[in-house]
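Next up, some structures in structure tokens.
In the two complexes that follow, chain A is the common piece, with chain B as its partner first and chain C second.
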Partner chain A sequence: MEHDNNNDPLVIGGSVLQSRLFVGTGKYGSDAVIPEVCRASGSQVITVALRRVDMRAATGNVMQHIPKHMRLLPNTSGARDAEEAVRIARLARAAGCGNWIKIEVISDSRYLLPDGYQTARATEILAKEGFVVLPYMNPDLYVARDLENAGAAAVMPLGAPIGTNRGLRTKEMIGILIEEIGVPIVVDAGIGRPSEACEAMEMGADACLVNTAIATAGDPVAMAMAFGAAVRAGRQAFLAKAGPVLCGGADASSPLTGFLGEA
Partner chain B sequence: MIIRVNGEQVECAENMPLRTFLEGRGLDVRSVVVEHNRSVVMTDAWEDVRLADGDELEILHFVGGG
Partner chain C sequence: MSFLRVVQGYEGADIPGAAQAVTEADVRRALEKPVLGPDEYLTLLSPAAAGLLEAMAQRANALSVQHFGRTIQLFTPLYLSNHCTNQCVYCGFNARNDIARTMLDEEGILREGEAIAASGLKQLLLLTGDAPRRASAEYIGQAARTLRDFFPSLGVEVFAMREEEYAHLLRCGVDSLTLFQETYNRSLYAALHPAGPKRDYTFRLDAPERGCRAGMRLVNVGALLGLDDWRRDAFFTGMHARYLQKKYPQTDVAVSLPRMRPHAGAFQPASLVGDRELVQILLALRIFLPRCGITISTREPAVLRDHLIPLGVTRMSAGVSTAVGGHAGETESVGQFEISDPRSVEEVCDAIRRRGYQPVFKDWEPLDGVCAVAV
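Let's look at the complex of A and B:
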């Protein structure tokens, strides 16, 4: 194996990605910082949302700030059932941003937790239509299997509720998905700190999607850089395979013989 | 005649091409995607779609999101 991760691409839907950090475009104080965030993070995948145009007020166009090399991952946020998610996905593709789609089906507005059944239904329909489907999901093994069977190109389990910066609260469950699910695991939502993204990658997650933690940082560009480094470090640690954990006692790293003054 | 645009009633001349309507609203036509009566209308078909009384339009664009 190579001793670096320069030759460790992530393949999703037949596309080869060198970066395992996906970034979002929501919540920035100014969208003008987005190109710098893309550069600093090294990310190649970026999420956007689709909303009604405000016919009364001129609004900015987030697309003008997204570098051309980035792969767009539109989400279906706002969808409350599978039909609405499918409708948004078709609109996004018609808008000319490719065939990747992040399925988000949410009818719970307090915790914004995804509906697994509706998500699987939408995934099945869209995968058959040729979309590369990345569903946002609770880290539930049965839902993940349904999504995989429905044709998901990856699954995106949440670490904590959206936008909370609370970290990897679902670590044990994500660990099960990493063991059991064949498609890439992209930890999405809740990651608040680079160390948490690093931990997810060390565990064997294939990628992380980070929006709020970067967008709401005091210095989003510096935080984007930190997340990029953390995801690379975590991936490299995973590939390096950590040594065993010793429970009880100690195991000297230095030889326990040949001390000065030994008889 | 009256059509519904993004959920609101709007006065519109009969048989107006969709393209004429959209351009008349000052929209940057390169950055929006349009649904006419629940069907996506690709940009090159905007000229062909003629608006009729009671039609529904959804006009959407990309915004920041995660």
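Let's look at the complex of A and C:
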């Protein structure tokens, strides 16, 4: 029997989501493709960099392309420390982008790796102010615990450095977070192929955010559809509880303990 | 330690000679490396690499799309003043050139700002000649205060300043700094800058670093290609950007690739950089520094600019006038150099879209003026 997604909602910050794929708005050759990407992927959450949003422009503004049903996840791209992230979050809320915020604090322009300490500081402040905070992070257990304690509504560990499409390079570490952390795990950054998103979901991640791999694909809409299907398949496989992987052949017989049954 | 030490480390090195010795196999090896070092960068600038431009272009395109997406940021320069106390032999604003000198007052700045804002542009680059007593850091800062309501991102391309002056500009709303070394060849630099404060090679060389220390978000360096052997200057430009990226990870580093243009003086460049050479520099730089911004100005003709879009360019100027007061059309002043791409902002946007790329007008949200943060 096919798994019914309606009975497997993802709850973040009290909101119920039927789709476990989050999409992005950066890097598209044209923002006009965004509605099609949203539709094809089935996604309900879309991240947008506040730095790119021009509230005063009636046209040429990314916001005008985001379908109404999508939940906005503004991000603090450009923030180099906690203070800047907090300011950007407040600006986003004041600009009418809602109270969800993806914290990105990146102070390394060469590798774009997130700063765990600053991210936790920003998370603490913003969670107290009523934001639903989703911090982007390195998959480090201690940082994840700090973020959870600071009030994060979910954590967003990277699969590989941002924009690299290298896949789930941090699989082992993400596995630990899935085991240990109580809030949802949204794998963000690095996923380059639907099979990798599927793998993350199979492992038990709660959701995936995919931007570069969709936006820079030859056919972004078709790729969005593929990612939507992959995330659903991975989730379904996780819920179906895959059989164990056996090493060294099948165990049809029990050479060492078989005699017990024979007694 | 400043970048000067890096430059000094190459003193006596025959960079063009080393480039000549590179073989095609060296180039192919360099292209297979995931991360390139300085030697491989020089390899990509070599004559041998000139035969492998398509392979380089494929890699440069993939890296650019991956890191920046199919987007091109647009900005335009606003010339505040053409007073200059220097005598750079290659520049139309040279103090010895007999041109009308003007400087915008607050009203003029506002008029220019309004005229530019009407075109939809959001990123502005403020330029002056090098006359710090007239167009001082205070004057430039005041101009920034006047313009910041129209433009979320303000950059400066002005004389080399002290760190406190850069900090002052930041407080006035400036977030990026562009400063060209012109040439990294110290003796040639002395010959090209016979008089004026710009003669101080080291003070200029260290200025981008002072900008990083002051907290500039984006620092853009470059050489005026053609003044010296282009391979040497392109090599040091890339090394300069790499040095800043490594030492100031909080700063976004970008490079401009301006070529010499005709101007109101008689100077002719020493080493002509053809289109193929410009493309080779662009590709080598993108592969060497995958996350470095690369700016192409309207010095380059429209057709060429359009072809460069997928090769690694991340920022382009549009709707440019290099004359003081040129946007509001209230001046007859001479421009700093002749531009080659006179298209309107909308025409440039159309060309970008036709290539499957998206013009981006706004890429920064000013953070001042928001309630204090108790962090």
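The definition used in the following text is that the second predicted complex is superposed on the first by the 238 of 263 C-alpha atoms of A that agree within 3 Å, B and C clash if a C-alpha of one lies under 4 Å from a C-alpha of the other, contacts with A are read in each partner's own complex, and residues count from 1 in each chain.
Throughout what follows, contacts are C-beta pairs under 8 Å (C-beta built on N, C-alpha and C of every residue); 3 or more make two chains touch, one makes a residue touch a chain.
Predicted model only: the values in this text are computed from it and were never measured.
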For A:E83, select first, second, both or neither according to whether it touches chain B, chain C, the two together, or no partner. second
Touch test for A:T25: chain B only (first), chain C only (second), both, or neither? first
Touched partner set for A:T47, first chain B, second chain C, both or neither: first
First (chain B), second (chain C), both or neither: which does A:L91 touch? both
By the touch definition at the top of the document, which applies to A:L260: first (chain B), second (chain C), both, or neither? neither
Could you tell me if A:R121 is touching chain B, chain C, both of them or neither one (first, second, both, neither)? second
Taking the superposition on A as described, I'd like to know which of chain B and chain C A:T212 touches: first, second, both or neither. both
Regarding the shared-chain residue A:A242, is it in contact with chain B (first), chain C (second), both, or neither? neither
Considering each complex separately, which residues of chain A are in contact with chain B in the first and with chain C in the second? 26-28, 31, 50-53, 87, 90-91, 163, 212
Touching residues on chain A, where the partner in the complex is chain B: 24-28, 31, 47-53, 55, 58-59, 61-63, 74-75, 77, 87, 90-92, 94-95, 97, 162-163, 189, 209, 211-212
Contacts from chain A onto chain C in the complex sit at residues 26-31, 50-54, 57, 60, 78, 80, 82-84, 86-88, 90-91, 107-110, 112, 121-122, 125, 163-165, 212, 215-216
In the complex, chain C residues that touch chain A: 65-71, 120, 122, 152, 217, 245-246, 249-253, 291, 353, 356-358, 360-365, 367, 370-371, 373-375
Spell out the part of chain B that touches chain A in their complex, as residue ranges. 5-8, 25-28, 31-33, 35, 38, 40, 42, 58-66
